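Only one structure is covered here, and it is reproduced in the block below.
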Amino acid sequence: MSAVEWAGPPQDAAEILRRARQVAPVLRAKAPEIEANRTLPADVVELLRGTGVFRMCFAREWGGPELTSPEQLAVVEALAYGDASAAWCGVIGANSGLLGNFLHRSVVKDVYPSLDLVTAGVLAPAGRAERVPGGFRLSGRWSFGSGIKHSDWVTSGAFLFENGEPWAEPGSPHAHDSRQFLVPRSAVEVVENWDTTGLCGTGSCDYTMTDVFVPEEHTFTFWEVRGTPSPLAQPDSFMRALCGVPLGVARAALDHAREIAATRYDRMAGRSWAESWRVQTELARLEAEFNAAREGVYGAMRRQWEVLAAGGTLDDLTPTERAASPLSWLHAFRASRAVVNRLYDLLQTWSINRSSPMDRWLRDTAVMCQNLTAQDAVLESVGAYLLGRPPMFRISLGLDR
Amino acid sequence: MSAVEWAGPPQDAAEILRRARQVAPVLRAKAPEIEANRTLPADVVELLRGTGVFRMCFAREWGGPELTSPEQLAVVEALAYGDASAAWCGVIGANSGLLGNFLHRSVVKDVYPSLDLVTAGVLAPAGRAERVPGGFRLSGRWSFGSGIKHSDWVTSGAFLFENGEPWAEPGSPHAHDSRQFLVPRSAVEVVENWDTTGLCGTGSCDYTMTDVFVPEEHTFTFWEVRGTPSPLAQPDSFMRALCGVPLGVARAALDHAREIAATRYDRMAGRSWAESWRVQTELARLEAEFNAAREGVYGAMRRQWEVLAAGGTLDDLTPTERAASPLSWLHAFRASRAVVNRLYDLLQTWSINRSSPMDRWLRDTAVMCQNLTAQDAVLESVGAYLLGRPPMFRISLGLDR
Amino acid sequence: MTSEILHRARELAPVLRERAPEIEANRTLPAEVVELLRGTGVFGMCFGPEWGGPGLTSMEQTEVVEALAHGDASAAWCAVIGANTGIYANFLDQQVAKEVFPRLDLVVAGLLQPSGRAERVPGGFRLSGRWSFGSGVKHADWVTSGAFLYDGGEPWAAPGSKHAHDSRQFLVPRDQVEVIDNWDTTGLCGSGSCDYTMDGVFVPEEHTYTFATPQGRPGPLAQPDSFTRAMCGVPLGVARAALDHAREIAATRYDRMAGRSWAESWRVQTELARLEAEFNATREGVYGAMRRQWEVLAAGGTLDDLTPTERAASPLSWLHAFRNSRTIVARTYDLLQTWAINRSSPMDRWLRDTTVMAQHLVAQDRILQSAGAYLLGGTPEFGISLGLV
Amino acid sequence: MTSEILHRARELAPVLRERAPEIEANRTLPAEVVELLRGTGVFGMCFGPEWGGPGLTSMEQTEVVEALAHGDASAAWCAVIGANTGIYANFLDQQVAKEVFPRLDLVVAGLLQPSGRAERVPGGFRLSGRWSFGSGVKHADWVTSGAFLYDGGEPWAAPGSKHAHDSRQFLVPRDQVEVIDNWDTTGLCGSGSCDYTMDGVFVPEEHTYTFATPQGRPGPLAQPDSFTRAMCGVPLGVARAALDHAREIAATRYDRMAGRSWAESWRVQTELARLEAEFNATREGVYGAMRRQWEVLAAGGTLDDLTPTERAASPLSWLHAFRNSRTIVARTYDLLQTWAINRSSPMDRWLRDTTVMAQHLVAQDRILQSAGAYLLGGTPEFGISLGLV
């Protein structure tokens, strides 16, 4: 079943998408095992690696296929159609290629000798980095490090200190600067505390570091592009494809429900489900809501890409257009979850057994909606931005630090 | 049609309720005229007066029927079943008897020589009262004075000033005290600015006063009970029955929809509406939501009344019980409006013509939901209270100033 | 007596909460938990004074169930099902009832909807079939099962019956059924709602009954809907527990990104208040309809003495309780964000419990259809939900 | 040419907004407003280059309609209906079409659903009946009406027809119909969607047509669903207008009770953002489905070349646009609280406009039923909504 064999790494978006679609049924079959393992089993990681998802963001200058954001999103949807946890780790692992745009050009080849390496980690600054000759000493505890167990590198946000004092670059808008720190996986200690019943397989454990030396050139920020400017060398680029996970799950659930519904007969009512107003209208309503949520993401993304690819910046978008992207991600998470919940109810007792994928999708989407990109903080921040007030959560709008 | 004749004023709750139910169809028939007039026509005011609604809150010591809050609510529901604007003015006008509990005992008989007089006005402090010998000089502009045109007395909140400076009683928790000021209707100038398409007939115009002298004994606050202590001599008592208006409208809409639905035939689908899953399930769902909203109000109210009637105070309720009342009012407004909206859709093009009451109910409930009791500020305040923080909008919780 | 069962249920709730992981893992109530429930008297709460029972009203029963569900949903679910014993007793021949229920704390489980086949034989029936969702069947003393009647292999109906094919309930000792171990959900796990089968089990005539014919003292608990009334105490109890939990957690959290405590956050304040409003309305909707119904029935009336609106109100309020409680739990889960996702948070369990519970027949759209059709003069699919038998 | 119509529509919008009270009060578009619309070229926008027309794509048409609706819903509604002239032209005999539409800015109104009765007579038909909701009929040049065919008083169907009783469209000059002045709503007032009647009007054979048989150049605008595509531009334009209005108002208000500006209020920030999210999704859902459909049709394909999911996506996206736009308007109204209730606020009108609009057939549950049945292999009540003729 897991014997999916490909001839070498994929060369382009079409091939990666094709492979993602091909592994989806394999992932679906392995879902119970993925859940039980509470982190991706090694063979599943290799399956993902084979699709090229981990390399999909690498720029052409590094020999990568440099998928556009819409292309990346389609790949993530395809994987999530198989298994949400696997897709989640897929899109997180794919950050390697995006980080390549922010790292010193001199170290990219050393850090990523292969384009298929996985970077995990928590970007929000949670640790403490003390400046020492040639770099920093990093300590701290970070929460929700999805995919960390199978990662090759770990990037972590941390605040900078010099001689024990908070430090900021002269001219920085912040009282206290932070940066990303890239360390080999072996440098971190994983805390075994990922114990959810949804998105179980992501292994989103906490991790700690104590006094790990990180050379200056392994540090970076999302505000300084060091690679070739491109639509992917933007502070928000790593958030764009994440919502492919809920979208892929919702599509899978819609297809599953349509298939089940077409075969059921309601003995009490004396008619097939296919002729039932309840089933017909609810299924159609959910198609409408799903389509809208999905097109909302692609529409905002296309418009953004169009401007960026023409050499523009996010500032060239109207405020409404700029707000549209983070709003569309949040909406995709929430609408997908609502679609799954309502399909679960549509199928009634045909959903409740563990043998039905509805049971897993329900738990997966409930947990994934607690991710920051789907929280009310995004609404608050985008609303503040639209009303001319300083948003709290700036990176989702790609606002300069 | 308007010839509803009764022998003298009603003596008890049952009789007032009976009369309210009896005038409801008359009010329904007069609804277009009430709307067009943008304030209650004089004969409608007399019709209401005849039911006893204006006297229903007067304590027995003043010869009033002293309806309990649940009884008052039932009367308001019954009136609103006929017309929302009329019911709105009914419950507002009924405040006379509640104010009787806070006025100096010495003036009650003078102010209300008849128990059927109407008090209107805006309680939230908006004006300015300068202390002068024997009383105050009052000036200001107040918004949304429902029923003011047909009122006998007007009560208005205003901040106190002494020699032009903000004034507070020694020991007051406020930096700046406010009070209610009762003036004869003739002392105020009504601004002709109520121009809505919903709740049109309430005539909720702004009004102004300039330097009106108000004697000290015509001023009062909701924190000082001067009548006999009772469940109605409480700061929140004037808010309790207002939600009878949306509840009465929603019940009317449910009954109307059931009646219409029972007679329609869907030619395109080839079945009667009574046999249509769409109509059956939606009607049932809305009954469930209506029942819950309505029982939520009565349940909280009964519990509150039980405690107060036993001589307790609002402080004897658990926080959850105390929060339940204002929450139930808000919920009644919002749920009733949602019920009306969804029934409008249920009846489709049978709703849209002005000849259908659905058209009016839609507009009435949309406007009434903008009343303070139905605003998010209530949720915020009650939530803060439940979480141990100071609520902004204290009176809805009957919290001591 | 009344308050004693409620008191004990409230005392037991925290114990049940503590044992919830164990109850889940066991996929049916552990024997010890069954005994704890038995100790509260819940299994006997529907037996009237003529049986020496406490004769709780439906409202009082629902309160007991809420209290237990505040602890654990699966335990409360099995409690309300086990408590139906005293209701079934009203439909059995009274002498037989005394024999089969020598004590008031025995548990009857089983699926009432007719799914099996009962062939008439001398003195009774031979019963065969497979029944689904037999909550609590593993720890039951008796099993009651709906089945269609056959005579000489042909569908049978009593002369004058309004059905083309009659069905009845069949009461058999627990050891006569074969339980299939197929309850494998992630919600309401501990209810052990397995399928069970029988093959040619002899059931004497006097161990059969129907809900159309009460044989005990007439009264509010001898009605065709009596046994469904208190079930909605389970979702209500869980929702109340979730709201209490959220209020407690919220009071202690600080939002570092926003720089304010949760207690000062508009998001938390308004959502918590909104959910209280919805919970209160939902719950009062149940008790309001139930009180009105009880008033009429206790005065000697029947369900036909209710107005159509009042009669529809009860099943609608139960459905509403299941659905809204579930929504409240889901929104509370979101309110607590990542504080809800770990298995150590009860929110995780409550989300799964209320989701599975909401698939029960009493919460399905067909209840809406039936009530709506009844109100409109159309054809209810499932008349029994309105006590139309 | 394309951008010229859109440009003019955008320029006209503020003028329409100003005239909205007058349009409402008139209960049909004032003649002057009709001429303003005519001046934008909107009535000719569906005529292809073969007619000397601009041949806007469905996406471009929808954008024009959105722009007009940003000004006034009733005007936009009449515009999109009047613009269908160029689509009807694709189903008429091409020579006849040139005669009846000598200019590209004539307006056709009427009700397409067969409601009347057409008796076959030599050379054509005698048409009688009453049609409902004839939006724009008062200012129309031609009226098209669906009617069932009769021959010698008997229902008639063409040999081999899949219907037991055939129907057709009948095009008659405006002066042959009698308009009944019964459009008396409080929303979409200016659309003048009155009933109209005809009694024995002779319609020559060549002025009859059906949407099953295009007679003009095949293409994306000669499809049975072509004329319904751009309608949802009306609710979308109104919702966008409401959101813009709310953002503008919110930026200036101060909440004295809370002591903070609306721009700093969590309530306003989150609700405005949530509504933007829902609006964007709804709108992109429409354009996404439409683009995919256009791509296939423009390449010479038919609706049958779409996957079932893709085919269902279009009518579902229209329904969704009507419903969500209305919800967005209602929630924006609540967001602005008492700032919305006065007649001087456009929110009052938009609330009424979108409520009435949402009762149109394209937004009714039967669209859901039909799409769902189609996807499940069941029986659609209203197949034409999926272009199933």
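Letters A, B, C and D name the chains as they come in the text, with residue numbers starting at 1 for each one.
The definition used in the following text is that a residue touches a chain if its C-beta (ideal position, glycine included) is under 8 Å from a C-beta of that chain, and two chains touch if they have at least 3 such contacts.
Being a predicted model, the structure only gives us computed values, none of them experimental.
Participant: Name whichever of B-C and A-B has more C-beta pairs touching across its two chains.
Facilitator: Contact tally favours B-C.
Participant: Measuring centre to centre, with centres taken as mean CA positions, what chain is farthest from chain D?
Facilitator: That would be chain C.
Participant: Taking the mean of the CA coordinates per chain, how far is chain A from chain B in Å?
Facilitator: Computed value for the inter-centroid distance: 51 Å.
Participant: Distance between chain A and chain D based on Cα centroids, please, to the nearest Å.
Facilitator: Chain A and chain D have C-alpha centres separated by 40 Å.
Participant: Which chain C residues touch at least two other chains?
Facilitator: Answer for chain C, listing residues that touch two or more other chains: 266-267, 270, 365.
Participant: What parts of chain B, by residue number, touch at least two of the other chains?
Facilitator: In chain B, residues 276-278, 281, 376, 380 touch at least two other chains, as defined above.
Participant: Across the complex, what residues on chain A touch chain C?
Facilitator: So the residues of chain A in touch with chain C come to 143-144, 193, 195-198, 268-269, 278, 341, 344-345, 348-349, 351-355, 359, 362-363, 366-367, 369-370, 375-377, 380, 392-393.
Participant: Given the complex with chain B, which residues does chain A contribute to the contact?
Facilitator: 276-278, 281
Participant: Please name which positions on chain B make contact with chain C in the complex.
Facilitator: 258, 261-262, 272-277, 279-285, 287-289, 291-300, 320, 323-324, 327-328, 330-331, 335, 376, 378-384, 386-389
Participant: Of all residues in chain C, which touch chain B in the complex?
Facilitator: Chain C reaches chain B through residues 247, 250-251, 262-264, 266, 268-274, 276-278, 280-289, 309, 312-313, 316-317, 319-320, 324, 365, 367-373, 375-379.
Participant: Enumerate the contact residues on chain C facing chain D in the complex.
Facilitator: 265-267, 270
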